[in-house]
Amino acid sequence: MALTIVLSCVAVLLGTSALAVAGARSSLTSFFVYGVALAAGACALGAAGAMLVIAPGSAQTAQLPIGLPWLGAHFRLDALAALFLVVINLGSFTSSLYGLGYGRHESSPGRVLPFFPAFLAGMNLVVLADDAFTFLLTWEFMSLTSWALVMAHHRERDNARAGYIYLIMASFGTLALLLTFGLLAGPNGGYAFDAIRATTPSAGLSAAVLTLALIGAGSKAGLVPLHVWLPLAHPAAPSHVSALMSGVMTKVAVYGFVRIVFDLLGPPQWWWGAVVLTLGGISAVLGVLYALMQHDLKRLLAYHTVENIGIIFIGLGLALAFRANDMRAAAALALTAALFHVFNHSVFKSLLFFGAGAVLGATGERDMEHLGGLIHRMPLTAIAFLAGSTAISALPPFNGFVSEWLTFQAILLSPQLPQWLLKFIVPAAGAMLALSAALAAGCFVKAFGATFLGRPRRSVAQNAQETDAWSLAAMFILVLLCLVAGILPGYFIDALAPVTQLLLDARLAPQAQLRWLTIVPIAASRSSYNGLLLFVLVAAAGWLGAYVIHRWASHALRRAAAWDCGFPDARPVTQYTAGSFAQPIRRVFGGFAFRAHEQVYIPPPGQIQPAQFHLSMRDLVWDVLYAPIEGVVNFAADRLNQVQSWTIRAYLTMVFGSVVLLLMVLAVWH
Amino acid sequence: MDRLALDVAHLFAGGLVLVSFMLLYQDRMFGLLNIFALHALVVSLSVAWQAHIQSAPHLYITAGIALVVKAIIIPVALRRIIVRLGIHRTIDTVGGIGQTMLAGIGLVALSIMVMLPITAEAGTLTREDLAFSLSVILLGLLMMISRRNAVSQIIGFMSIENGLILAATAAKGMPLVVEISVAFSIVIALIVIGIFLFRIRENFDTMDVHALERFRGGQP
Amino acid sequence: MNDLGPLLVNAILLVPICSAALLALFPDDRLTGQLNTLASLLTFLASISLFFFRPAVGSFLIVDDVNVVFIVLTTFVAFTTSVFSASYIAHELETGRLTPTYLRFYHAMYQTLMFAMNLALLANNMGLMWVAIELATLTTVLMVGLYRTPAAIEAAWKYFILGSVGIALALFGTLLVYLAARSVVGEGLDAMAWNVLVREAPRFDPHLLNLAFAFLLLGYGTKVGLVPLHAWLPDAHAEGPTPISAVLSGLLLNVALFAVLRFKMIMSANPGALAPGPLMVTLGLLSVLFAAFMLYRRHDIKRMFAYSSIEHMGIITFAFGMGGPLANFAGLLHMTYHSLTKSAIFFSVGHIAQIKGTQRMADIRGLTVSHPVLGWGLVLGVITIVGLPPTGIFMTEFLIITSTFARQPVLAVALGLGLLVALGALLLRLNGLAFGEPYGKDAPSHASFVPMFAHLGLVLAAGIFLPPALVAWFQHVASLLG
Amino acid sequence: MALIHDALVQLAQLLLMLALAPLLTGYIRKVKAYLLRRQGPPLLQPYRDLLKLLRKEAVLADNASWVFRTAPYLIFATTLIAAALVPTFATGLLFSPAADLIAIVALLGTARFALALAGLDVGTSFGGIGASREMMIASLAEPAMLMIVFTLSLLAGSTQLSSVAVFVQGPTIGLRVSLAMALVALIMVAIAENSRIPVDNPATHLELTMIHEAMILEYSGRHLAVIEVAASLKLLLYFSLIACMFLPWGIASANGDLAAFAIGLVSYVTKLAMGGFLLAVFETATAKMRVFRVSDFLGAALMLGLLATLLLFVSQAA
């Protein structure tokens, strides 16, 4: 039933994109497309959510006579798929709502409208696919449509380059997954997931599968060092698409990894966990450091996606390690943390991209160095963005904190792990997680402060206008979700239980009916958290304090020029910029991560030329990994290209040579 | 009788290989033409002999074509082209004649080696004959790539074709031989015409195409 | 009904040759285009009917499972190309690149080429097939040189010389196969008839077959354009009229490959013969990798897509070399998809080159802005040819790589990387061609988009749904290929 | 009944914290003054300052937004609640299930977040300096703190402060290297977090050296008062944290009688007195370090914490 509904929603979406090709010009089309996408998203969301809540254990399958002729397209909706369907369709619902407003002032609707619904359909199908071919087909279809959306504003040079790199990396990832399934399916092509589940591959084989799956899914999720395309491509797209790509598509990649490694590939070995943990930790820290160095708002958010993907993979790695040692409860905790973070990140990352989109729409600027003071011009957007920033910085009482708290709890369980390597890696991963959380807070103080607080640095920021009602509605729905998931996490954790049940046949104890909705992952004596109580207490204390003071002490208020240690009020230029805000952290961390190098030139006294500050940074990952590949390809191309200008006699010589060679082979063959 | 027939066939085939070597050895243009005429003559003789022993009259046509076209018309045409286009009378080779000859011997050895495992019951055309024709073909290829000038390259190609005709006719009862040889003659004719049209003096590559416009009274 | 079969087969051959003669003599230049299209349409209809009644096997002509779909495909692409060529050639006439005389010549040659290719496909006699392929070569040589620019003539000449050498090698191979067959089947036509050969192949002398296959692979491989025998292909595509580039890539390469397949069947039917697989895999992989890197340094749009044809011929050869039901199936499917897609690409490229008045890619930019239909057509075509879903080529490449990886991981990885490198090059160029600020002339395009989108639509549809009948046919042929 | 009892204990602790916080600040100032052979302000001076500030009108910069006005109360509330969750004289608080140690650290993080934003709100250069340096320090202090938390919770098998306290009192603990490391690290973090010398100087207004003061430069009147209270609460919080985690002796259990509570209270106050004295001595003995040396200082803390955790991970074989 639910499966049918979702599939029909997908069909509607595909039909819509076909229609959109026909009439891409009029603004009516925009309204129509986003309206339909909104409705479809809502339906699918309802269906999947209901499935997850009502009949979590069950699994529905369907088969269509398309795709591989003798195989057909298999679709399957189980708890895992349902969870990710919820994530996807929540994103598509809100971004369609946002698009209703944002899409109106789209410069080239003809390049967005046809692909937007197709992109949504693609993501839904990936999650539903139940055979290797359908999975890869929809997976690559998803990449292709998102590529088209990235190329929507193709006139900027950077976007074209971003799209190019994106499509190359996407195809690379697909190739890796192709090989993965080639291994899993075996020579006579048992591509159906059921057939793959039935067979348990050998140790070496499964190791190869894990590596390939990490490359394939990781390159789409943006795992370091496969992340290079992500901060280029995500910001290039229209903002509601950026929200989808960053908030949702990366989650589809996570789904792919979980499906392959936890479901299709037999029991794990302990070192898998070590590998995944390490990658996750590195991604978490590097991602946030990259983000700190950015002053392009949307690119900063994209880099934070890398960070959060790292956090999710830390959870997954822990789950693998525990599972390998058959510590099922601990594995369930780690997996729950990871999946919960999947949901949370999709929510607040979409929210933040919506906010960035609102700013972009109002000012036409993505560069924080040109913004500032927007909280006065766009108060509601500011509130929403602030909520999102708090959530992503893992600060209570918002949802980001809960999932990271669960991850910490899982890390604290790991001393029971027998393997020495894990004993060393896990605490290190914990430190990296803590570091990335703290840095993220700093990064979002920078982002929010430079964009919304202080004084406007350019006239565009001076006279920006508050964004439209549709966008605000979309944003505040997400704000609400962030808060609810933060203060009532018990319900969400229980909703995740069937997934862990499915993948590890273990689950956390039911949380929702505990006293005062406290969440207790393991034991009350060990650790517990109650977002609701904290929220109420803080609110009460704050309000009480304010009330008492205003009531019995003074409530008089006077506006005056800023004091600023008695300096006369200087121009907004004297404010701290995003770059100067990040400077201390750059000094501390940038040295090894980016080869950051600062040069300050202060003219000697008496001379009146301006002082100069130069900052040079290098992306080591690019230098070490990608530049060499580029070099090799170019070298080979140049060398081989000389063949093009040979003489006919030379070509004849090649023919003659191959004839003689072949004859020799034949002569020797006996 | 049959024994003798085969020996004569062998004689012709071996002779053809010999003439191919002479082609490789020759480095004067007109001498090359004469030797090629001889090459064609040998082929036509062997074809005629096959026609006789196989009592397959249609092969006489092939022999005739070989004789008329390749032993007479084409050498004459080429001679006139050489004169008309003022092509050098001496042929410059890639590497010396000596190496080329050595390579040629190597090729013959190779073709014999390749043919060895073939069981003799392949019919009246024994493996030797196959080996001969194969070596003629390879020698022709070798000539095409070891000569720097168009005429000798064509001659190389035509010697390849002679080798093929030899094999084809010697393969007893092979259908369509005539058609095939006709088709081949067309190709060769076209190549020769091409040489003439495109003023290809030294090499297949260096064609003086601007002359072409004049020749055709060309459009822009 | 039974007597209708031979009639239709003959129609497939007679219509082109007669219309060729007619077109050569036809006085009115303006109608030749339409006449050409009409003739191609008739041929196509005649070929469709082969699905329904199949004539008895003759000593010269045969219609069997192996060639029927290729005949239909060839005649179909020939028809669509003739539609495209009508509008294309009309434009050439306006710009004065062609004179009426050459126009007539062009159409006559077009039909002759169709005749030659249909003959090659229908022939039940390897000698006849050889003659047909040579005829096809000669006609295409003449058409490549049609513009008589220095470059065109050089290309034609290169093509001619290399093609003739290849043909010679192929003939020797054919001869050896005849010899191998003669000792079993006996003298005469039977020893050259496909149906007999395949049936009797197990008793042939394996060594002769090996030798024969070596020559056949290299000989016909030259026409397929396999590295290192490919040298003629890029220039021939780049310098000839675009319809001919479309036909070359879409059909002639297929026909040559078809010849190789016929012989491969004989090989794989003979237990003693060496497996042709390794040879074909080597050549195929070599072609893929070589072409992939060559793509990066191309400046001429048609030459680039010619190299992509080399790449795809490599993929197909690789697939057949790997063998097995999956790979063979994928290879056959890939042949079909490639000829459809590549000809579609050449259609759009032809119009683009006419509008922009150049084939230099540096001078063509932002097509999706200046000419949306053409531009998006090109985008769709390239996306299809590099094997991105949901088009059919993704399916075939999926099958080839996965089925190979389980058996020969290294080969599969090499092939996959080759495909990736090629994809990188093509997309890099596509970025410049289709996107960014438009540049160069933007004259409105009075082009016929129907053929292009018909082809792409077919490939797209096939990628999503294949009719079971077609699947059954492909699987049967795949099993024959061993 | 038990609920009411617990509620009373919880309330008592909260009020105690609130009442003691300014006193502790004043006490430390007094001791420092003595060490410098000065008379120093009276012990109750902080209360007077607060009352005075509370009665004054608040002056707001022209473009200060609601963030600037609400931040003080948010900071106050979060710090107060965090402090209320730290056992002072009795464990087993009513609300302790609401937040374990990690949550308390995060609550303080929320307060810092709000403070840094408030520093940026007016758009002056000094606010920026303060905020950015504060976040830099936090980016190292918070992980260090979490590492310390790890160490203790690995020992006690819990991140609940009460259980930790109980465990440390218990016999199984013994003397541990990692615990000592954690203590040192915690002290370093506490110094940094409360902007004491050598990291920052709470008394300075020398522009380029101030961190915490730079952020609150624009505050006045009641807002300033609330922030000051929050700051001293934070200091008290860290004191009682150290007290409860590393020397919890004398602390009463939740269901103890009044006598036990009295003992606990006395021991708590003595601990505070000792700690304050030591801090004062330390501060007078050391000089403030350059801002960019702070990273090394806290980096050392982080390394200590990580080392302690690793030691435990390795020593605790399952």
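For the reader, a short list of remarks on this structure follows.
Chains here go by letter, A, B, C and D, matching the order in which they are written, and residues are numbered from 1 within each.
Methods note: a residue touches a chain if its C-beta (ideal position, glycine included) is under 8 Å from a C-beta of that chain, and two chains touch if they have at least 3 such contacts.
It should be emphasised that the depicted structure is a prediction, and the values quoted were computed from it without experimental measurement.
For subunit C, the chain whose average C-alpha position is most distant is D.
Chain pairs A-D and A-C differ in how many C-beta pairs are in contact, and the one with more is A-D. Between the Cα centres of subunit A and subunit D there is a gap of 35 Å.
Between the Cα centres of subunit A and subunit C there is a gap of 44 Å.
Mean C-alpha positions place subunit C and subunit D at a centre distance of 78 Å.
Each chain gets one centre point, the mean of its Cα atoms, and the points for subunit A and subunit B are 70 Å apart. Touching two or more other chains at once is no residue of subunit D.
In subunit C, the residues that touch at least two other chains are 157, 161, 165, 207, 211.
Taken residue by residue, subunit A touches two or more other chains at 648, 652, 655, 659, 663, 666, 670, whereas all remaining positions touch fewer. You'll find the chains touch as A-B, A-C, A-D, B-C. Residues 54-63, 65-67, 73-74, 76-78, 80-81, 84, 95, 97-100, 102-103, 106-107, 109-110, 112-113, 116-117, 120-129, 131-133, 135-136, 138-143, 146-147, 150, 153-154, 157-160, 163, 205, 207, 217-218, 221-222, 225-226, 291-292, 295, 302, 305-306, 309-310, 312-314, 316-318 of subunit D touch subunit A in their complex. Subunit A meets subunit D in the complex at residues 372-373, 375-376, 386, 390, 393-396, 401, 405, 408-409, 411-412, 414-418, 420, 423-424, 426-428, 430-431, 434-435, 437-439, 441-442, 445-446, 448-450, 453-455, 516, 518, 520, 524-530, 533-534, 537-543, 545-546, 549, 553-565, 567, 570, 572, 574-576, 580-585, 587-588. On subunit B, the positions that touch subunit A within their shared complex are 94, 107, 110-111, 113-114, 116-117, 138, 141-142, 144-145, 148, 153, 203-205. The residues of subunit A lying in touch with subunit B in their complex are 647-649, 652-653, 655-656, 659-660, 663-664, 666-667, 670.
Residue ranges on subunit C touching subunit A, taken from their complex, read 157-158, 161-162, 165-166, 169, 207, 210-211, 214-215, 217-218, 222, 228-229, 231-232, 234, 274, 279, 290, 293-294, 296-297, 324, 326, 368, 383, 386, 388-390, 394-395, 398-399, 401-407, 409, 412-413, 416-417, 419-421, 423-424, 427-428, 431, 435-437, 464-466, 468, 471.
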